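There are structures below to look over.
Both complexes below contain chain A, partnered by chain B and then by chain C.
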Partner chain A sequence: MLHIIVCIKQVPMVSELPWDSKTGTLKREAAQGMMDPSARRALEAALQIKTGMGQNQAHIIAVSMGPPMAEEILYEAKALGADQGVLLTDPCMAGADTCMTAFILGKFITGHCPDAGLVLCGSMSSDSETAQVGPQLAEVLDIPAIGYARRLELVGNCIRVERHVDDFMELMEMDLPGLVTIDHAGESDLYTPRYVALGGVETAFKAGDVRLMDGAALGLDKNFNALTSSPTKIIDVYSPVTGKENRVLTGAVKKMVDTLFDDYGKIISSAMGKDLKTHDHEGDV
Partner chain B sequence: MSAEKQIWVWADYRNYFQSRVTLQILARASVLAEKTNAAVCAVVFGDKVDAYVKEYIAHGAQKVYVTDDPSLKTYNVASYAFLLTSLVRRFAPETLLIGATRFGQEIAPRAAKQLDTGLTADCIDLDIDDAGQLVQVAPSFGGNLIAKIITPHTRPQMATIRPGTFQERPHDDDAQGEVITVPLPETMPSPRVRCLKSELRPARARKIETADIVITGGRGMGSKGKFKKLFDLADLLHAEVGATRPVVYADWVSSEALVGQAGKHIKPKVLFSFGVSGAIQHTAALADARFIVAVNKNPNATMMKLADVALVADANQVCSGIIRALKQRIRD
Partner chain C sequence: MDFNPCMKHQLIRKTVQEFAENEIRPRAAEMDKGPGFPEDLMEKMKPLHYFGLQAPAHLGGAGLDSTSYAIVVEEISRVSAALGLCITVHNSVGIYPILRFGTRAQQQQFVPPMAAGESIGAFCLTEANAGSDAGGVETVARKTDHGFVLNGTKIFVTNGGICGTILVFAVSDTVPSRSSVFIVENHTPGFSVGEIEDLCGMRANPVASLFFEDCAIPADHCLGTMGQGLKIGLSALDTGRIGIAAQALGIAQAAFDESVSYAKARQQFKQPISRFQTIQNYLADMAVQIDASRLLLYRAAACKDSGRPFSSEAAMAKLHCSTTARMVTNLAVQIHGGYGYSREYDVERYFRDAKVTEIYEGTSEIQRMVIARDILTRPT
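Up next is the complex of A and B:
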C-alpha cells in the first residue's frame, strides 16, 4: 500500500479579491477561497497514480494548513477522490512564512503519517508565488525531492519524474519515500484537474469527516507562534502604482498603426532588438 | 574568519546565454555593497568553470569562491545546496542572493531551510534600510500586490531575484578579483536523486514566461483561422503568442498558450493584446508587462483601460495593419 500525502492550499479567488480601495490592500479575510490551481494538479497526479495502481493499493491523504474556512478545499479534495482530509488549523499557525509552513506540515507527516511513501505538492501557489514550501518540506522530512514534475511514473519502489527546468528537459529518478512538486505551468495536459461531480462536495460535506488538528494535536510547543518564529518579516504590502498614460487611438486602422510606430516605435524596437523606421512613411500607398 | 561583510551571489551559469541573471544580480549587489561597506562575492560550483570566474570578476565580483570538480559537472540540487550551506557556515556572509531561475528556486529554499534563515522569493527590487538590513521587494498575486520583507534575526539574508530585474554592468576586462579555491569536501552526501537525462530543449520551444514581447489574443480575433495571423505577427516581432481561456476552450490554440491565473504568467517588455476583454483571471497574470498595446472594438474593455496605448478597432484588422507596417519598417 502506497501512502500518498498531497499538500493543498486555499488561495483567494482572484476574481473575487475584495480590495480596500482606500489603502490599496487586499482584505484577505473577506476573500472567497479556492483550491490553489497547482495543488489541484498535485491532487490530480495522486488520483491518477491511485487509479493506475488498482484497488486498495494506494491511500491518499489531503492535508492543508490554514484558517478554519480552508476546510472547504478538503471536502472538495475528498469529493475528487482523496481518502482522507486533514486541516491543520490553530491561531498559533497564522502568519507562518514558508519555513514555518514546512515545519508544521512536517510535524503532521512525521507524527501522523509515518508510512508516507510519496508527498506531492503544487510547485507554486497562485497567491504568494514562492515555490518554496515543497523544497523546504523535503528538508524538514529529510527525504529526496524533485521539483516541477510534468510526468510521474512509479517503477517498483522508485519514482521517475520528467521535468522542464530552465530550458532543460530532465528525467530524474529517486527511491521512495520522496517528495515531488507538480509543475504549476505544465505544458502537457496530463495533470489537468478533473471536475467535481455535481453534488460531490455536498456529499463529502455530509459525511463530515475532515479531521481538524490544532497545535496541541500536532505536538507543537504551547508557546509556539508561527508569526514570531518565521525568519522573514513582512514590513509593508501595497499595490503597485501603474501610472499609465492610457492613450486611446481611434479612426482609420492605417493611421492608428502609423501613430503607434511613430510615437512608440522605440519601445517596440528595443524589445525586439531590431531597428525600426519611425517617422518614415515612404512606403505609404 | 575576518569581520569583512560580504554579499554573496550564487552563480547560475547553466544556459549562460539565455540567463544573464547572475550578472544582473552582481550589478545590484555592487550598489548594495557600497551602502553597507561590504564585499561582493560570487560562488561558483561546477567542472572547469574558469571562464565563468573571469566573467564574474569582469562584472563586479571582488572575490569568487570556487569549487571545481568533475563530479559537479551536472547541476544537482542536493549536492549544490550542501556545498553552498557548508561555505555559508564557514564564511558567514551577511546576504546570499540567487537568481530566480527554476533551479535557483529549488536550491535557495533548501539552503535556507538548512541554514534556518529566511528567504524571499522572486524579488523585483532590493535595497538597504536605515539599520543596514536588506529590504526584499517581492510581488504576489501576479504582481497585483507588492510586499517588502526583511530578515531581522537570522543570517544570511536570502532572496531569489527575478531574471531581468536589474541591468548588468558592462564587461570590465581590467577588473581585479580574488579567487578562493575551496576543495570538494571529502564527505559529500550520497546522491538520492539520480539524473537519467538532461538535455537543452530546442530554441523554438522558448517560453512565453520570459519572452520580451508577447502577443495575446482573445475571442475578438474572430475565428480560429484569423487567430493564426497572430503567429505571423509573432514571427516578425520575435514574440511568443498567448491566449485567453475562451480561445483555448474553443480550441483555436493549444492550452500551452493559456495566459492567466491557471496558466502562464508573463512579464514582457511589450505586450500586444488583441481582442481581449480582460477578465481578471487573465489580467492577474500580466501585471508585470511594462508596455501594453491593446486593441478592442470596445473602448471600455478592462484590457483597454490597462493599456498604455489603446486602439479602438477590430483586432484582426489591426493585426494585419501592424504586419504590413512592420514589413516596411524593419531594417535588416
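Up next is the complex of A and C:
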C-alpha cells in the first residue's frame, strides 16, 4: 500500500487582495477561496497514480493548513477522490511563512502519517508564488525532492519523474519516500485536473469526516506562534504603479523617424544594448 | 436564521460555475443558433451527474438535495438557459415522477439510463386543447390484453427532439374520467417526433411535437395507479417549478452581471454611464428583485427538503423569479442601448430566453391561482 500525501492550499479566487499592514499577510477572508490550481494538479497526479495501481494499493491523504474556511477544499479533494482530508487549523498557525508552513505540515506527516511513501505538492501557489513549501517540507522530513514534475511513474520502490527545464526534458529516478512538486502550468495536459462530479460533493459532505487538527493535536508547543516564529518578514506589499507617457508622432514618415531618434534615441539604445547612432546598418540583413 | 449558504452549497456552486464557464460559455451563443446540444458537451456532463441530480446514488445519480439542485440549474442557466432547461426538465419532470410514483421495478428499469444521460426525459402534458387545463387531455390509452395502445399528439415538448424516456398523460378507456401517466420509450413503434419548433428563445433546446400512433406499451409502463395523472402532474410540476424558478434566476443574474460590467465600461458624456442616477436606479432595482427571487427560491427548496408542503412556496418562487427574469433582461437591454438589441451581445439572448419562464411549467396566471388557493383554504 502506497500512502500518498497531497499538500493543498486554499487561495483567493481574485487576483488582488487587500493586505494587513500589521502582519504583512493577505486578508484572505475578503474573497471566496478555491483550491490552488497547482495543488489541484498535484492531487490529479495522485489520483492517476492510485488508479494505475489498482484497487486498495494506494491511499491518498489531502492535507491543508489554513483558516477554518479552508475545510471546503478538503471536501473538494474528497469529492475528487482523496481517501482522507485533514485541515491543520489553529489561530497559532496564522501568519506562517513558507518555513513555518513546512514545519507544521512536517509535524503532521511525521506524527500522523509515518508510512507516507510519496508527498506531492503543487510547484507554487497562485497567490504567493514562492515555490518554497515543497522543498522546505522535504528538508523537514529529511527526504529527497524533485521540483516541477511533468509526469510521474512508479517503478518498484522508486518514482520516475519527467520534467521540462529550459529546452531539455529531464528524466530522473528517486527512491521513496520522497517529495515531488508538480509543474504548475505544464504544456502537457496529463495532469489537467478533472472536473468535480456532483455526486462526489454530496458523498463527501454526507461522510462529513474531514479531520480538523489544532496545534495541540499536532504536538506544537502551547506557546507556538507561527507569525513570530517565521523568519521571513514582509515589509511591504503593493501593486507597482507604472507611469506611462504616451505621445503620438505625426507628420511625414521622415519627420516622425527623426523625432523618434532625436527624442528617444538614448532610451532605445539602452534598451537594445547598442548605440543606434554609431551602429553600422549596412551589415544588417 | 442563517442566510449564508452552507459549505456544501458553496462548493456545489463553484463546481458548476467552473464547468459552465470553461465548457458551456464559449459555445452558448453558437448553441442558440440551434437546435440541439453539442454531443461532446453532453458526453462531458454525463459522468459529472448533471443528468441524475437528485436520483439516489444506487440508481446512478448524485443524490443532491433540492437547494443544491436549484443552484446547479441556476448556474447552468446563467450561461445557457436552453441547456439549463434540458437539465431541469429531464431531472424534475422526467426522473422525479418515476422516483416518487414508480414501482421499484420501474425505477430500476428507467432511472439508471436517465441518470447516466443516456436517455433524456420529457414530460408530455400539453396538447392543442390542454395545458393550463390539465383535464383537457385528449390523448387516449386503450387497454389491450398485453398493456395499452396510445394515440394522440403532444405539443411544445421540451427536449422533444432528443428524448428517450417520455411521460405521457392520456385518458384510458378503463378510467375515462381522469388522466393517467404512461412511460413510453422512444424506440416504441408508433412513436415519432415532429418538426422542431421555431421559437423566440431557448433555441438550442429541441422543443417539438410528439406523435403517438397505435403506440403499444406493456401494462407495467403505467406510472402510479390508473387515474392518478392529475396528482402525478401537479406533484411533478411543483418540483419542476423550483427548477424553472432557478432557471429564470440564472438568466436574470447573467443579465445583471453583464449590465454592471457594461455600465462601468460604457462612456457617455465623458464618464461611465454607471455614474448616472438613472442607471444606478436600474441596477438597484435589478439587484433587489434578484435577491428576493433567490430567497423565495431557496425557501421553496428548503421546504421540499424538510418534507413540508411546498406547492405554494414553489409557485411564489416561480412567479417571482420569472417576472424578475423578464424585468431584469428588459432593463439589461435598455442599459446596453443599441448593442443590447444586437445578437453580438448576450443580453439579447437572455431577453428572448426570459419570456417563456412566465409561460411554461404553469403560466404566471396559474401560479397566482395556486398561491391564492393556498391562502383561501388555510384554516382561520
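Keep in mind that, in the parts below, the second predicted complex is superposed on the first by the 225 of 285 C-alpha atoms of A that agree within 3 Å, B and C clash if a C-alpha of one lies under 4 Å from a C-alpha of the other, contacts with A are read in each partner's own complex, and residues count from 1 in each chain.
Just so we're on the same page, contacts are C-beta pairs under 8 Å (C-beta built on N, C-alpha and C of every residue); 3 or more make two chains touch, one makes a residue touch a chain.
Computed from a prediction, not measured in an experiment: that's the story for all the values here.
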Which superposed partner A:247 touches (first chain B, second chain C, both, neither): first
Chain B versus chain C as contact partner of A:7, first or second or both or neither: neither
Which of chain B and chain C A:220 touches, first, second, both or neither: neither
Chain B versus chain C as contact partner of A:166, first or second or both or neither: first
First (chain B), second (chain C), both or neither touched by A:32: second
Partner chain(s) touched by A:146 [first = chain B, second = chain C, both, neither]: first
First (chain B), second (chain C), both or neither touched by A:138: first
Of chain C and chain B, partner touching more chain A residues: B
First (chain B), second (chain C), both or neither touched by A:179: neither
Set of chain A residues, in rising order, touched by both chain B and chain C: none
Residues of chain B touching chain A in the complex: 14-15, 18-19, 77-78, 101-103, 105-106, 108-110, 112-114, 116-122, 135-136, 139-154, 192-201, 207, 209, 212-213, 237-238, 255-256, 261-265, 268-270, 279-281, 284, 287, 291-293, 299, 304-314, 317-318, 321-322, 324-326, 328-331
For the chain A and chain C complex, residues of the former touching the latter: 32, 34, 71-72, 75-76, 79, 195-199, 201-203, 205
Of chain C, residues touching chain A in the complex: 7-8, 10-12, 14-16, 18-19, 44, 47-50, 52-53, 57, 61-64, 68, 72
Chain B-facing residues of chain A, complex: 14-15, 17, 25-26, 37, 97-99, 102, 126-136, 138-140, 143-148, 160, 164-175, 178, 185, 187, 189, 192, 230-240, 242, 244-250, 253-254, 256-258, 260-261, 263-265, 267-268, 270-278, 280, 283
